[in-house]
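Some structures to go through are shown next.
Each of the next two complexes has chain A plus one more chain, namely chain B in the first and chain C in the second.
Right after this comes the complex of A and B.
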């Protein structure tokens, strides 16, 4: 952490504002100081997350001893300063400024989507004059083509440049700008293109007026007609709290959490919580035409809808028959990592206590047991949090395209690095090129060198000498091709940081290599010291929840499956049948056994994981062989097609529950609508299934499930589900802050860490006996030999198809298949960003859009696996090499 | 006793010869006051375009929540109203409406007015939910005091993009 910032923050100054004395840290701007004692100074261009522009002049205040009024947003406080925010002179100045702003303003509030939450309207009420003195024709712009998601009405713009600064500073894309001079000033994008970054939707909230408005929300409703549903985003493991603004249960728009103003919830245009476009625009799928609405029983005939009773009986009957004829081990359960914790808990209870099998897992998207083992290792060593970045000095990101997997986590890291609060280091065969611009150093290597590189780093850091030895530096340079300074600065940063987090992407580790890399990282973490933590990033929203609730073959709620105490506890809780105290089959094994005919019955709770399996034909083969397949889902899929019984469930806006994100935060999902037609809430479906199988669950309400689950985690969570709701009785309860994140960082940290650690054993205990000597020779070559570039891949958030891809807004914006190429390779191929390139892989030919960036290591290329149509499932143990050729004359 | 009886009859006979206030509805109809507040009308411009821009201010002003509307965007091919926005669905539930006239007062476009029509009987509840077709004035009826041309999109200022 830079010393200057620390010392600056420690000294305080005392001043008076409107006669009230207060003490704030030195360097605070007057506007923020006033806010801290509840004095609101009107402003447009000031935003706490952006740099200061000082252009709107609405925040003028009087400071004793200064001859003229000053702008409160850019004057830092001084000892003994006396500030007045509401004298006659100040009011006069504001009235004058408002008159300037309104001179050219069209004032078409009735047709403006900002009406009702517009800062210009608000201050016009306070400082506007009733009639205009501006007699000339108002300036008028034509409406340009702008962005598929953002509508622009330039006549309303007050040129505060919030949008420009957001794109430049936070989204890191210099795409918006102010054009022309004087009265002809206007906002636009360079080259008149769209605002293409994935945080672009935030400029809609930031714009204080109705210039930039949401296209999907355009004219859907007036904001005062909407109900605010405070909930959490279901799409990725960043776990952003969001507010869904609904009309008759239909989600009209989604924004970051709202603020309470005079007893009413309103949009917070000064929010510092930003969300990505997937969360902002992708939540409109509740009323989708393709939803499953009726239970279906398939007896080799047409899918006539049946009653719930019939469907549940049919589902239970099949399972009972298989259990009686072939034993409970012939039945398996696959859950989706997008289900809530309560559903997952009930699901595994159904498996373990009602059917009597431990064949339960959530990792249906993994191709081999080796990878599943790596996942287990990664999850059980996870203990990192990025919540309080002021307590962390260094973050090392390995092989993770965070921007495309957990965008808001990436945004937080980049912000912290940009403001020099943390040192950001990147490592691996694929780094996030968006983060790289603010990284202190980054090292890239070929995928098969990764293990050696981490090991070498580990060795270099473990040495006692203060300076890294030249032998170590040389080894690392050889592996990574990086310069001496880069290597040295990376090592020095790692060694000198008092605390840090290693973030790594689990979707970019393959096969046997996976376990090794996770091992290496655990070892590196241990070398770095107890102040370092590991944070694997699963792109799935509730992967941590599935792990914590025991919805995994080798886990129980709150502990590993080798913990006899937990077994005893579960037996006394669930009663009746003694449980089989052993690990079950992991998802890849379940599929394997199913295609061999050993597993005959399968219950699937949400098929999205299975749909992401790299070898769909293997999944289909397994499902086809099953005697009885029961699927609970919201949308039809290739899995529901094969199901014998389909039970329509509820989507995220239609159910209550909790999710746990990558960092272990528990967030409340709130219900704002009923499931369509016959569809039901999933936890009720599971309850009925259990009842039909002969064991009635003892829960009256979902709160009981939550309470039971939380009691199995240590220490038990002190709150009820109801208290977690934003409007619940536990208004002061800290976890509630998850849905109101403004105070999340401070209130939450202590308690939350306790909760998080309950299912995250520190890796010290469990992995103390890990072999420290890394057996390099044991690792087989993992890259195809021969000429060509090595192909690596990972899924991206925008490529999701089961839910997110169905959003009428986001589906058309799915990126076209692209390939990332390192600049050095691009130069050899004479390829530039936007060129069409032909990829050749064996017999296969594929046309892709080239993106030249620093993401892939030299010698490798990277694709988003859920955008391209390549048989990547065939390359789980050996990465393929591909040939690229520029296709002349084609631009994509 | 007889005297009282005659006194009473005198009152009766006096009133028999006074002009009567009731009318023989439905054969005869009353003349309304000019500000009578009856069934709503949605006005048009002289070129037939609707005045309503779907701003929903009437709905928010309505104390009995009788108005429901959904707005949509005009297309250049078939503009319904001048400007960008129009009411795609506009419903007033006359069973809820208390004929206070607040919607008329709230309307920035003089689009909704309460007309003279009071014959609102019906046999089913649904009949009392007025849609746009039920309220829009017919072009052949003329537009009265609202007979003005719509102000269409102003041209962009010279020299601006």
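Right after this comes the complex of A and C.
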């Protein structure tokens, strides 16, 4: 994240630090200038992502011409400045400051979890002295309960206020503060309550001393005993690189990626790569008690011991029988968007070349073929990246609760908007109220007027006049209820941006109504021009991977099904067998045909998408009708219960592979443990299944699968899976690729964790061939008529159907069912945040916690669909209206 | 709901004085303290809601200023200066005398809720030292006899 101060200044300044001359942009602070030539100035309170506090006084340096020492964190460079960072006077001052900082410190390193990565320890060794002159009794604080995830030990605090500034500036709410004054100063929250935000765990890394430490990790291990696994977070499409600190294969803690310092891998105290709590605390599910550990053949009974050979033979036999009796089209394959690219590639190969069907999909959570078609269009027009926000001027977010779907993407956007590096615009029936605080403008409308609103915007922008016409502005105002200035500023931003990205939430496309939005956005993007890109955000980690690897009925690896060349290439790659080119069924059709008895055999690779289907009874009906169901999964579920054969697979910490995130970056997943007991790595299971079906896959190692896949997606692939992330600590990871369409493999050496390229075959999509005008016909009314508020919904990352929801640490912290209400509606209902409200929907009554925020448009209310018990699947063609009533005397 | 219901006009008047609502935090807290006798948790919540800041931000301010009371105080809050001028002229003995008369230590409140005693930093009246303030009235040139007389008038 480039600092606004450094990017906006154009002129450079030349100065000398410790006799070395350097030139840096005007406005750079001495501490950063020194860092740029490898001179480290010790500091506690300074952090590159936070505002400057200047309170620790450890970064004192000598500046020629200034009578006293100055703090390097807040003195900007000046032409001809001469700075000395290591004179006797500076050294003496540091010793003095260390003595002050340690005056009240309890020196309890042996029982402190920060031991080994503590900046007090480090600087005491490097710059301090071994004794203290303080004789008085040390100040002591009582230890409160504080946060469920963060432990607080105030006696160790040096009041650097990094945590306070992080919560205030980056997490967006001033929940931590400094109380009292003078010697009695201490940090905390009001009433010692929890640090209630999704990024709160970052204060643990930011704390330079042992004040804020991780509760789940408390007294688990000394950090130097742990193995560092450089991998990627499996939970959402932000695709953060993370380091899992493991012991005996068990994930003890997760942090942002580590860096190498003096030959040792350490957690960078100045890291600006923040991660969310779900990724930080939720990766502890590897040794979960409920894991599937042994293969099961249902006819033998769930507890009967079955060997792998028997299970694989049983699985293959059933599929072979159905194929022989009813043809290959009676078999279908459903994958999970949480599987790795290699697994997904093998899975579709199994379907296409071994069984001979294109009935393969990953979108088991979609209710209808219309919505599946909208998804296909969304994914095939995805070409936006937010990796380098310094090159983007404007970001328009439509209907996306980014904070709860891809938190770190939301964080990056908000930071860029806060520092005025981008103009952030929000649009739709449900905007992210967390982003709204830094949005330049936002427009809200009812869900059934979204189509008209985007069309009106399109019209206003398409006209050649420099200013939008008043008629257009009036139409938009009528639809959105926004003021004239807001509308005009939004249109001006869209029109004048030299480059822009339209971000939209794919998980909010749950209804027939919402599916038209994708068409509208493609058309809007065409009007805005080629400098604009589209970025659909799937909440699933590897949805982009599933699309890219061809794990979809209308896709092949790297291209659409209509590309004959790809078919021929695949035929020659896979042993010259003619592949069946007949169109396959998408996931909603597969379920439909299964209920009708047309699909008789189904192979499921990970059932998490199916579990999210809005009509579980429809899924159950389909699965029940099947003659043969094979499920490869890690946890028991309603799907594995119906399975004829269950094959236990591997979780993310137990396998190698790659994921592709929403922005098309490839990230390496690294194996740190073996699957429990009899469970096996998924790619081997798929190989064995293929072998049992009569076709042996030619891959010796996973690397071979990766190489074959990459050569289909992005030939020629310049690196191997091994090179993407070597195993074990101490090894240097050579690559980090950040790719723009112009330079595909821009390699930066010396960074950890590989990210690579837009592995999105869709870079080739020519927008010119896509619809350029909005459908003229009027969208039929798809909202219930009558009184009441319109209910909209979307799943959230911490929801109960999410597989990370099984984390023993995060599950108890799942938010209680809530309903978002716009302030104008809340006023009518006399409801405030925290009040209990009763929701009435037909005969149904439900008690929910009210959250009053700007998220839902006036006249609508919004719920997290995977927190509430509502039959939302019944309302996919017509949005429901609900009545709300405040329940007096109840606080939730 | 105390402030907005009972002191709606006063709240309006305070808010009008400042272009930024946050600036009204201290005057509003003062209003809370005058109304309830101390800064109540409800008062903090209400000030946070009125000014649009978090509870933490209000609490930071309340805990910073010693003139905001976070616990109920007696009807008569006796604040004795213990800085250099007053101490040279016997403030320490006056505090001891008060402690003896009231049967409490500095920082405490009498059981009947009538008196609270505290020591404070300089009251800006060194020329009249030793001094103390009871509620908002300053008493100069104190002696133990004068204190006895003053206490007698407090009922």
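Following the convention adopted for this analysis, the second predicted complex is superposed on the first by the 816 of 892 C-alpha atoms of A that agree within 3 Å, B and C clash if a C-alpha of one lies under 4 Å from a C-alpha of the other, contacts with A are read in each partner's own complex, and residues count from 1 in each chain.
Keep this in mind: a contact is a pair of C-beta atoms (placed from the backbone, for glycine too) under 8 Å apart; a residue touches a chain by one contact, two chains touch by 3 or more.
Computed from a predicted structure; not experimentally measured.
In the superposition on chain A, contact of A:111 is made with chain B only, not with chain C. After overlaying the two complexes on the shared chain, residue contacts for A:191 are found with chain C alone; chain B is out of touch. By the touch criterion defined above, A:422 lies against neither chain B nor chain C after alignment on the C-alpha atoms of chain A.
In the superposition on chain A, contact is made by A:222 with chain B only, not with chain C.
Counted by residues of chain A touched, the larger count belongs to B, out of chain B and chain C.
By the document's definition of touching, of the two partners only chain B reaches A:141; chain C does not. Contact with chain C, but none with chain B, is seen for A:178 once the two complexes are overlaid on the shared chain. Shared contact residues of chain A with chain B and chain C: 179.
Taken in their complex, chain C has these residues touching chain A: 41, 44, 53-60, 63-64. The touching residues of chain A, when paired with chain C in their complex, are 173-181, 189-191. For chain B in complex with chain A, the residues that touch the partner chain are 53-57, 59-60, 70-73, 83-85, 108-109, 154-157, 159-161.
By the touch criterion given at the top, residues 108-111, 115, 137, 139-142, 144, 179, 184, 186, 188, 218-222, 224-225 of chain A touch chain B in their complex.
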